[in-house]
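In what follows, a structure is listed as structure tokens, so that the remarks can point back to it.
Lettered A, B, C and D in written order, each chain numbered from 1.
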């Protein structure tokens, strides 16, 4: 068992013939993921890493029963690709693209919600269950980060994930499932919406949340903990404690305006709900140990 | 018990200060309907038949807990009024207006479905439970039609309803709840979608469906009967057996094109599902008697 | 409102859908330059124009002129003719957008078997119809264009043109409150141009208040009476029997029409006497009488439309128009007792049962007294 | 991209939202005719213009000219000035549209307490904020305009103008891919005109490919370096410390920024070395050096961005630019062993732990060896 992606999940790769798509298809296959088809309009009949390419998701699903899709398409086409996957009945979608217009992202999230689907991203490294499968772009060959184990990781950041996760691993833990929710201001699925999956996953004993200044996603997790929706131990690191107000540090998610979305507020809410919050990445693993061992 | 509207349903009247709205408010109150508020933008503070008028549905609902609304607004404003009622959380809406653009009607139906609400109409006389309440424009004072009893009536036509119902009453029956679904080609709620309500209504022993050529709504009822969704006796009269192909007899609902939606097809489907179909209005009551008495 | 082919093509052109080069010749106009060989297409509402000889072909200008003249001044009396270049057809495609009332969607239907009637195709080869839906509130997305065009088997430049045509068709469908937009056939020419060789366009009458670019014209109707009634906002249909129907409500009218046939009669016309027309009995009867029926049958069972108001209107109309044919009435509903009284005063027996009224009208039309 | 007030007002005007009569004076321009009394508004990005003396009032043309000159040629060196008629204010309203990421809606916020800062208002009088949401795929409907305007207490002609203004604001919000459209205050004048007295407009940078009417200009940035980096597509932020950061990814950068502060250092600037920039080490280092930091701290933990490619880029940059300040690297991730090897060859010790790197950079900035 894992969350989101299983060994038998039938994965489709949209944009498979592009340079990113074909490069990562090799690695996605490499970890053991069950890739059943690829889609690139106009390239039907080709093969990438021995995976059949179709013109449309509809046809790929009809012929291969794909039930999950990871998208390697440019940001301006992400919305169309997500709609295409949803329309074909796919309920698990990962959107890697960085730079999706926020009005597009709103439509993507809204469409996913109304279809009862889970779209992860955009601007994410995706999803990985080390040793099992991945829909994303993780360097799972880096052993000091992608070691199998019982700690769930969910994160708003690509770059910081390796940093923090390495600290968790260095304390002797491993990772059950890692969900990159993406760094955009409107992620299609929000932190709190993954909690029920982690809660019921027997492989996950505790959860690490890598948060960031801006927005209200960390506060929503605190609320879910208070409401008893998530009851496992949770340790969080939240970047941007000292970030100057009103400055965007690289992406839209990481901005504080008018006192909303401050790290201080997030820390307070999480600690009140029973989580521990690391003030530096390096102590995350130690806090986790502390919390698990009581 | 009744369907759709109960004695304690808190009814709002949108467009209450207009000539149609104020005229029918008197009669809607007259039958005993629990009218709690009216809405006409700009007329807040006025009263119609002692009912308070508000500027917006949101405010009317906040102050009176209205939970159903009947709309007396011109067809070009029907969509906006329905959206306003849905947004305010109202789940039962009756749209009287005739002449709603079909593109508007599609949006109305779609919005109702996604809100889990039931919008009846447009182009309908509405809903009446004789002796209890009404949200509509029925001449309930005509005793040979609006007599209380145990026969549910659902109908696509205003004019034909009185005709057929009179024939049912003349055989000694009375009416439990009458639902006018409206004569437009895109009614917001379709025949088959009312069946679960009639099925569980203890006051309804049998159902009369007044159908019409065109569309597939009668066929959908036959399907629901075959699927066991509706199990009570059903008699139908369907107008337009001899209607010339391609001619619109007054409204968009009543047109046959290309052999689809023929009365013959509907009769065949209904009879196969166990319903009886009258070939003239005058025999509807007799068939009902025959079916009920076995 | 159903548009003429040339009007549909005007819309296509305005949104960037390619149409054949051609000219429209109205009643008194002279011939302009035409591209040869050409197709001469009568602009009439009726279907099956090809079989009826209303579409002709010509290789030379003389021939075209003669054939067009025959259509214009011969028995067909065609008022407008569209003369278009004849296309070199490589493939014909069917492409249409209509309304799905169950899913509240714009339903795109396409088939690589263009030129055929879609209803015929639906019966004989349902698997050949490609469907794509656009729900209310949603837009037609690029992937849907690809779904349709790949399924049609289009490639290269024709694929791109096809995508653009469908996108523009959809825009027109929404923009003009259409009930139907159809291109049949959509032609792919020998040199890979994708061109709308024919066009059907039906605009929702209920949206007329926001769609005023296409006013009603006489050409859209079979008769003067229908056109004039429509201009007055009174639904009127012409048939070929001898009983003139004035009924209130489409549902009841359908039932009466059936009953007239059931009892062996034939309907001359139907005029909608309900809704806003219930106070316009004089005009209504005037239109009905122009059609010269043998008997007028008036059946209503009114809700808003009060029976007494209708009856008074009929009394006024009889006084003013002095019809020389019998009139049968069954005016029921709100105020029916008063209605009976009013009619009795002018010597009419207001019947209570619809079937009795229909039987009497049928008998009167057959010459019984 | 955040627009200047005058740009926001250009958009307002183009969609039919009334703005005060006024003129824009750019750098070298002469004064035109102005409406008196007037407001002299410096077109700068910073907030709190009133308190900073960047907004002035004048009753006479001479006075206006003098005050404008002081702003243009004095220490503020304002490049563009908007001179507008002073409005006779009866009421000030707050009206804005922003994004609700949870409900995926356009969130309309309004308050009858215009002129105040909305965030201040949200803290002190949350009940005074009127909210109305328009979900993705949906349009702003007339009833929603009424909800807002009735809640604001508008009446008569002002009510109608208010409805229209909000509708047009929403159109602009969608059309321009806005993250924020704000009118604060929206003024109702003594003679019942409703006018946008100020305007904020932020366009989503990610939508730049379809929003090309507003190219980046130098005026939008605090420094030449920021402007030039932005033109190259490299995110760059200016701070006032002495450690130049080259990091990959916003998340890691935020953490490093915190760690620098945690260990007592100060950041001079941040340059995004990740994403598409990871192959552009030379340019990246060039921008960083222009800011004259005491030390450069390079931290990455790469996924797509390969550590060895980045390290090679750094080696090339050092060779080309010959920086005279110390450089600390912790370049990890895919290919990190090779990266260490490359860096070792140019005499760098590539650190493995982020904290070690930050501590060393802080120490170096303080003058330690």
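The criterion applied here is as follows: contacts are C-beta pairs under 8 Å (C-beta built on N, C-alpha and C of every residue); 3 or more make two chains touch, one makes a residue touch a chain.
Quick caveat: nothing in here was measured; it's all calculated off a predicted structure.
Undergrad: Quickly list, by label, the chains bordering both subunit B and subunit C.
TA: D
Undergrad: Please name the chain that ends up farthest from subunit A once chain centres are defined by their CA atoms averaged.
TA: Farthest by centroid: C.
Undergrad: How many Å are there between the centre of subunit A and the centre of subunit C, using C-alpha atoms for each centre?
TA: The answer is 55 Å.
Undergrad: Taking each chain's centre as the mean position of its Cα atoms, how many Å separate subunit A from subunit B?
TA: Chain centres of subunit A and subunit B, defined by C-alpha means, are spaced 48 Å apart.
Undergrad: On a C-alpha centroid basis, what's the spacing between subunit A and subunit D, in Å?
TA: Computed from C-alpha means, the inter-chain centre distance equals 28 Å.
Undergrad: Give the residues of subunit B that touch two or more other chains, as numbers and ranges in rising order.
TA: Within subunit B, no residue touches at least two other chains.
Undergrad: Scan subunit C for residues touching two or more other chains and write them down.
TA: Within subunit C, residues 137 contact more than one other chain.
Undergrad: If every chain is a node and every touching pair an edge, decide which shape results: line, ring, star, complete or other.
TA: Here the contact pattern is something else, fitting no line, ring, star or complete shape.
Undergrad: Determine which chains touch and list them pairwise.
TA: Between chains, contact exists in these pairs: A-C, A-D, B-C, B-D, C-D.
Undergrad: Could you please specify the touching residues of subunit C with respect to subunit D in the complex?
TA: 137-138
Undergrad: Enumerate the contact residues on subunit D facing subunit A in the complex.
TA: 99, 101-102, 104-105, 117-119, 122-123, 135-137, 174, 177, 179, 204-207, 209-210, 235, 237, 239, 247-255, 257-259, 261-262, 270, 272, 274-275, 300-304, 332-334, 336, 353-355
Undergrad: Contact residues on subunit D for subunit B in the complex?
TA: Subunit D reaches subunit B through residues 141-144, 146-147, 150.
Undergrad: If you look only at subunit B, which of its residues touch subunit C in the complex?
TA: The touching residues are 75-76, 98-103, 106-107, 109-111, 113, 125, 137-139, 141-142, 155-163, 166, 183, 185-187, 190, 210, 212-213, 215-216, 220, 237, 239-244, 247-254, 257-260, 279-282.
Undergrad: Can you list the subunit A residues touching subunit C in their complex?
TA: The touching residues are 41, 44, 55-59, 77, 80-81, 83-84, 87.
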